[in-house]
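One chain, subunit A, appears in both complexes that follow, with subunit B as partner in the first and subunit C in the second.
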Partner chain A sequence: MERTITSEQVEPIAIGAGVLGTGGGGSTYLGALWLRETIKRLGSPRVIDADDLADDALAVSVGKMGAPTVSIEKLAQGDEMANAVRGLEAHLGRRMDALLIGEIGGSNALMPLICGLQLGLPIVDGDGMGRAFPELQMDTFSIAGLDHHPMALGDSHGNVIIFHKLDSTHRAEQYARVLTISMGGEAGLAMPVVMGAQVKQTLIHGTLTLAERIGRAVLNARRAGSDPAEVITAITHGRVLFRGKIVDVDRRMVQGFTRGRMRLAPFGGGAEMVIDFQNENLIAYRDGEIVATVPDLISLIGLEDGEPIGTESLRYGLRVAVLGMPAPKELKTLRALEVVGPAAFGYSEVLFTPMAGDLL
Partner chain B sequence: MERTITSEQVEPIAIGAGVLGTGGGGSTYLGALWLRETIKRLGSPRVIDADDLADDALAVSVGKMGAPTVSIEKLAQGDEMANAVRGLEAHLGRRMDALLIGEIGGSNALMPLICGLQLGLPIVDGDGMGRAFPELQMDTFSIAGLDHHPMALGDSHGNVIIFHKLDSTHRAEQYARVLTISMGGEAGLAMPVVMGAQVKQTLIHGTLTLAERIGRAVLNARRAGSDPAEVITAITHGRVLFRGKIVDVDRRMVQGFTRGRMRLAPFGGGAEMVIDFQNENLIAYRDGEIVATVPDLISLIGLEDGEPIGTESLRYGLRVAVLGMPAPKELKTLRALEVVGPAAFGYSEVLFTPMAGDLL
Partner chain C sequence: MRIGIDVGGTNTDAVLMDGMSVLAFTKTPTTPNVSDGIVTALKQLIAASNLDVSKIDGVMIGTTHFTNAVVERKHLQPTAVIRLGLPATVCLPPMVDFPDDLRAAINGRYFLAHGGHEFDGREISPFAPDEIRRIASEIKAAGITAIAISSVFSPVNTSFEAQSAAIVRETIPDANITLSSTIGRIGLLERENAAILNACLRDLALRTVAGFKSALAEMQIAAPFYISQNDGTLMSADFASDYPVLTFASGPTNSMRGAAFLSGLKDAIVIDVGGTTTDVGILQRGFPRVAALAVQIGGVRTNFRMPDTLSIGLGGGSLVSADGHRVGPQSVGYEITRKALVFGGDTLTATDIAVAAGYAEVGDTSKVAGLDAALVSAAQDRIEELINNAVDRMKTSAAPMPVIAVGGGSILLKRPIVGASEVVMPPHFAVANAIGAAIAQIGGETDRIFSLAEMSRDQALATAKSEAIDKAVAAGADRDTVEIVEVEEVPLAYLPGNATRIMVKAVGDLKEA
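Let's turn to the complex of A and B:
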C-alpha cells in the first residue's frame, strides 16, 4: 500500500533508526534536518511495501558510505546519491522504479527518503540489514548471493564511479572503501541493483515502520516520564543489558572506519561493561564475560531521554542504558553468520549465542 | 595506410619505446616478451595512421597504470586492458573501432598492440604524450581539453571500474591512483574515449614509427660497434648530456609512484650530474645548474649497448649515457606547459628552457 511520510514522522523515524543503528549508520540528527528541509521543498516521500513492486521492477539501495565520525563533520553536497543512481541508469540504459533502504540503522534510514524525493521515486518499507553494519557486503542481498555489480559511488563534486564487474562482495567493499576515503571520507552509494521479485525474497520487510514505532514509543515515554529503555525493548523483544556511565572511550579512525572500545561503570558500583565497536557496537562484555554479540543489536541510549547515541558521539560521563536486541531471523542462518557473525569482524574465537526471540 | 607488426619488429619498437620512456612507462623487456608470445598465438597487430580513421569512428587509449617498480614484480593476468575496453563498450552501448597508444614511452607503447590482438582492433600510429609521463592527465587529450570520462580500470581478477563522471582530469588521476594501489599497484587503463576527428587533431602522429626507427638505429650501432648515444640523438634532434656511472640512487614508492633522485659521476673526474624522477626523469642538474627539464626528454641508456634504463632498474655502478631530447612541439605550448611543465611536478621555481628543435 502506498503512503507518504510527513514532516511530523521524521523525528520518530530518526530516533528509531538511531536505536536500530547500534552506534553506526551516521548521525540521525543531521539526516533528520536534511530530510525535513527536503520535504519542505519537494513534498512528501512516497513509501510502498515490497509486495507492491512488480516482479520485473528495477530497484536499487541508496545510502552514505563512510565513517560516523566523518558524517558529523563533512556535510553532503546533496546530490551524491542521486548522481550515483542516475549513473547506474545511464550504465544500464534503464530507469529505476523504486529505491531501497540499504540499512535501516542510523542516518542511512533517512537517505533514501531524501533521494526518493530528488528523483521522484517511491521507497520500499524494509531494508537489507535490519540494523546498521560497517561493511557494504554485510546485508541480506549478499547473504542471498546476489551480485553487487553494477554499483555506483558519487562524491560531493559530481563525480560518479561505476563498479561494472566485481568478482566478490569483499572486493566491492575494498575498492569502494579506498575511493570513499579519497572522496573525503564519505560518499553516496547506490547498490545493489535488484529486481522486484528479488526484493520480495531478500529484503527484511517493514523495518521503516518498525523504526517509526520505536521512535514514537520513545517520544511517548519522554512525555509520560516513563523509562525509554523498557518501552524500546518491549517493542524489539530485547532486554536492558546495563545502566551506567561511560568512563573511557578509545576511538580511532582506521582505514575509513571508526574503531574502538568503550568502558562503562554501573551506578553504585559492581561489574563494568566493555563494548567493542567498528562503526557499530559489536560485542558487549560484562565482567569479562560476553553478554551480547553481533549480529544481535547492542545500542546505547540516553538514560533519561532515550536518545540513541552513535559511536561518533561517545564521551566520558554520558549516562546511558545499553540495550540488547535480537537480530532479525534473516541474519541468523548459518549462511548469514558467515557474512555478519563475530568471525566476519575478526572475532574468530567468539561464538554467536543468539538472544531469545527475533527483532521483528 | 594499414600495415602489420611482425615479431621481428618487436625488439626495435621496444628499445625505441624505452628510450622515449625517459625512465618510465614500465619495463619494455617484459612487455616485449608478452607481445611476441601474443603475436605467436593471435597473429600480427594491425597498425593504421590517424588519418585512416573515419571522423565518427570511436577509439580509446589503453595501457597500464602503476609504478615501474611494480611492473617488474607483478605480472599482468593478461586481460586487464581488454576487460576495461569491454566495460567501456558495455557502458557506452557501442563498439570501439580502434585503439590508441596513451604513451609511447616504455612498456605502454606495446600494451595497445597486445590488447588490439585480443580484441581484434587496429592500433593508431601515434600517442598522447610523445614520451612517458607519470600522471594520466599529462597528455595531449587533456591539453586539448577533452573529457577523461568515461574511463575504465581493470584489475587482475576481472574486476572493472568505470569512471562515469569526472569534474577534472586531476580527479581522474586521484581516484584512479588509489584504486590502482588497491588493485596491487598496477591496473589496465582505458581512457580517454575519443572520436576519429579528435584523434587526428590531438594525437602526436607517427610516434610508433619513431620508436621503431630509434630501436633499429640502436641495433645497427651495436652491430657496427658505433656509439648508440650519437645515433639516437641524431634521430631525435637531441644531444648527449653526460657520460658516466651511477654512484647513488635514492628511490622510494610514494603514493603509487616510484620517486627519487640519482647521482652520476663522470669518467675521469669533473662535475657530477643529479637527476630527479617521478616514474620518469624530470630534471637533470650538472654542478647544481639545470641542464634539462620536463617536458623535454631525459633518458638513460647503457653506455655501450644503448639499452634504455628505467627508473626501476637504476643501480650503483651502471655505466650510462644521459640523453637530452627536445619534446614534441605539442607539449611546449603555454597551455601544454600548465599540464606537463616543471610546475606540474611541483617545481614551481623552475622555468622551462626548451632545448633546440622538436622531437619529430
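Let's turn to the complex of A and C:
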C-alpha cells in the first residue's frame, strides 16, 4: 500500500535507524536535516511495500559511501545518488520503478527517501540488512547471490562511473572504496539493481516502518517518563541485556575500520558486561559468557532518553541500556551466516547462538 | 601586579594579584552598560589596597556579555555568509539549522561560491575571484558589513577564505569579516555557525571593548588589558573585538582555572556549587577539558573548543521536598537570603539542610533545629547521590581524582565523594572566576589533517607542535615558557591509513612588556 512520509515522521525514523544501527551506520543528524529540507522543497516521499512491485519492475538501492569525517565537512552537492541512478538507467536503457534502502541502520536509512523525492520514485519499505554492517557484500542481495553489477558511483561534480561487470563482492567493495577516495572521500552509490520478483524474495520487509515505530516509542517514552529500553525491546522481540555504565573503552584502527572493546559495570554491583565492536557492536559477554552475537542486534541507548549511542561516541561514564534484538530471519540461514556471522568478523571460534524469535 | 575582573550576569568581581598572591578582592553588582560596574569594582579594589595604579602591569577581563547577547537575540547586526565549496555543499545551505528567531535577528543572507578543498588538499573547484566580486557588490548594495566566510576543509587549507576576504575588502573597505578557519574545526555547518555568531557580534564587541577601555582610562590605568577566552588563555583587546565568540563559556573556564590556582592542583575535578546549579568540570594539566561533541549556543550547534562542563539542578537555594527525597532542580535563587528558613523565610532549601546537619553555620541555626532528623538525613542522601553521579559522569576513568570545591554553595559538600581521592576547599573560592582571569596565559592552537603518505607520523606531530607554538608566540606568549598542553590524534575511518587529524595546543606566559 502506498503512503507518504511527512516532515513530522523524520525524527522518529532517524531515532529508529540509530537503534537498528547497532552502534554503526553513522550519525543521522545531517541526513535528517537534509531530508526535512528536501520535504520542504519537494513534498513528501512515497513509500510502498515490496508486494506492490510488479515482478518485472526494476528497483535499485541507493546510499552514500565514504568516511564520516569527510561527510560532516564536504556536504553533498545533493544529486550524487540521483545521478548514479540516472547513469544506471542510461546504461540499462530502462527507467527504475522504485528505490531500495540498502541499510536501515544509521544515516543510509534516510538517503533513499531524499533520492526518491528528487527522482519522483517510491521507496520500498524494507532493506538489505535489517541493521547496519560495515561492508557492501553483507546484505541479503549478495547473500542471495544477486549480481553486484551494474553498479554506479556519483561525485559532487555530476560525474558518474558505471561498473559494467564485477566478478566478486570483494572487488566491488575494493574498487568502490578506491574511487570514493578519489572522489573526495564521499560518493553516491547505486547498487544492486534488483527485479521486482527478486525484491520480494530477498528484501527484509517492513524495516522502514519498524524504524519509525521504534523512534515513535522512544519519543513517547521520553514524554511519559517511561523506560525506553522496555518499549523498544517490546517492538523488536528483544530483551534488555544489561543496564549500567561504561567503565572502559579501548579502540584501535585496523585497515580503515575501528575495532574495539568496551566494558560496562552494572549499577549496584554484579557481573560486568563486555562488548566487542567493529564500527558495529558484534559480541556481548556477561561474566565471560557470550550472551549475544552478530548478526543478532546489540544496541546501546541512553538509559533515560533512549537516544541511540554510536560506537564513535562511547566514553567512560555513559549510562546505558544494552538491548539484544534477534536478527531478521533472512540473516540466520546457513548461507547468510557465512557472510554476516561471527566468523565473518574474525571470530572463527564463536558459534552463533541465536536469540529467540525474529526482529519482525 | 595584575587585576582580574569577572563580569558575570549578576556580579562583577575583581581581584588584585601580585605574582601568586591575592592582595585584595571585591564584588559589586553588574551594571547594564558593564563599564560602570567595572569602574565601581576598580574603585573599591584600589581603595581596599591603597594601590598605585602605575604599578599595574595588566588587566584581565572575563565577560559573559556576548553569550548573553546571542541567547537574548539582542544587539546582533545583519550578517551575510559566503560559503566556498560549489558544486558541493548545496544540500545544506548556511544557517539551515538556525532557530528562526535568530536568523531573523541577524537578517541572515547567504551566497554559495566555487572553491573549497578535498580532505587531501585538492581543490573541489578553482577559486573564482569575479564570482566573489559579484557577491561583494550584492552584500554592499544590501548595506551589510558583517560577513562570515567559510570554505570546505579550510582547517586544512585556509587560502580560499583569505583570498575571498581580500576581494570583499576591495568592495567593502569597512567590512567586518570572520573566517571560519580562524574559529572552528572540521565539521562545516558547526564551524560556519560559529563564524556567523562571531560576525553578528562584531559591532557589540567593538562597543564593549571600547567601554572597557574608557573604564580603565577613567581610573587612569594605562596598563594593557586582555579579555579571557573559553580555553583559559588571553586575547588582546583588539583581538577580542575581532573574535567575541571566543569568550563564550569563559566564565566556567575562569572558575576552573582559578580553582586550579587556589588549590595548586593541575589534574582534578572542579565542583562549582552556586545558588541554583552545580557545574562540574575536569582540569587536565591545569586547563579545562574541552567538549568533544557539538555544543549548542542560543540554539545553534557549534564545534569550537568549549569547556566540557556538566550542569545539574543543585545549589544552595534548591527546594527540598517535605520528605527530603527530592532536592532541586527548582531553587529560590538569589532570594535565598529572604526565603530560606535560616534567614527567617518559610521555604526549605538545601542550605537549611546543610545547617541542620551541622555542615555550616549560616543565618539563624535555631530556625532549623526542629527539622525532622529523617527528613534531613534523606535530603543529605539525595544531595550526596546527585553530586556522586555528576562527578562520575565527568570522569574518564575509574581511578580516584582530587576534587576542588568552589562557589558559595559548596557548604553542601561535607560528605565523602565517591571516586574522589580528596576534597579541597581553597580560600577565596568566591572570587575564583576573577582569579582565573588574572592568572590566564597566552595560547596557540593548530588543528588540521595530515597525509601520512607524504610524511611520517612523527614529522606530522612535530610540524603540528611547532605551528601551535608559533601561534602562541605570535599572540604574545614568551617563547621560553611555551609548552604543549594538548595533543589529540584522530585517524580518519574508512580511509586507508594515510590521513590523520592532529590537534595541538600550546600555552605560555604573557610576555612582559
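Convention: the second predicted complex is superposed on the first by the 332 of 360 C-alpha atoms of A that agree within 3 Å, B and C clash if a C-alpha of one lies under 4 Å from a C-alpha of the other, contacts with A are read in each partner's own complex, and residues count from 1 in each chain.
Heads up, the rule we're going with is that a residue touches a chain if its C-beta (ideal position, glycine included) is under 8 Å from a C-beta of that chain, and two chains touch if they have at least 3 such contacts.
Source: prediction; values computed, not measured.
With both complexes superposed, C is the one of subunit B and subunit C in contact with more subunit A residues.
Of the two partner chains, subunit B is the only one that A:174 touches; subunit C does not reach it. Judged by the touch definition given at the top, the superposed model places A:346 against neither subunit B nor subunit C. Using the contact criterion defined above for the overlaid structures, shared-chain residue A:270 touches neither subunit B nor subunit C, since it reaches no partner.
Residue contacts after overlaying the shared chain place A:184 against subunit C, while subunit B stays out of touching range. In the superposed model, A:158 makes contact with both subunit B and subunit C.
Touching of subunit A by both subunit B and subunit C, each in its own complex, is seen for residues 157-158, 181. Remark: subunit B residues 83, 87, 90-91, 93, 152, 157-167, 171, 174-175, 178-179, 181-183 touch subunit A in the complex. Partner subunit A is touched in their complex by these residues of subunit C: 85, 87-92, 96-97, 116, 118-120, 122, 124-125, 152-153, 186-189, 292-293, 392-398, 490-497, 501.
Considering their complex, residues 30, 33-34, 37, 66-70, 72-78, 156-158, 177, 181, 184-185, 245, 247-248, 253, 255-258, 279, 312-313, 315-317, 319 of subunit A touch subunit C.
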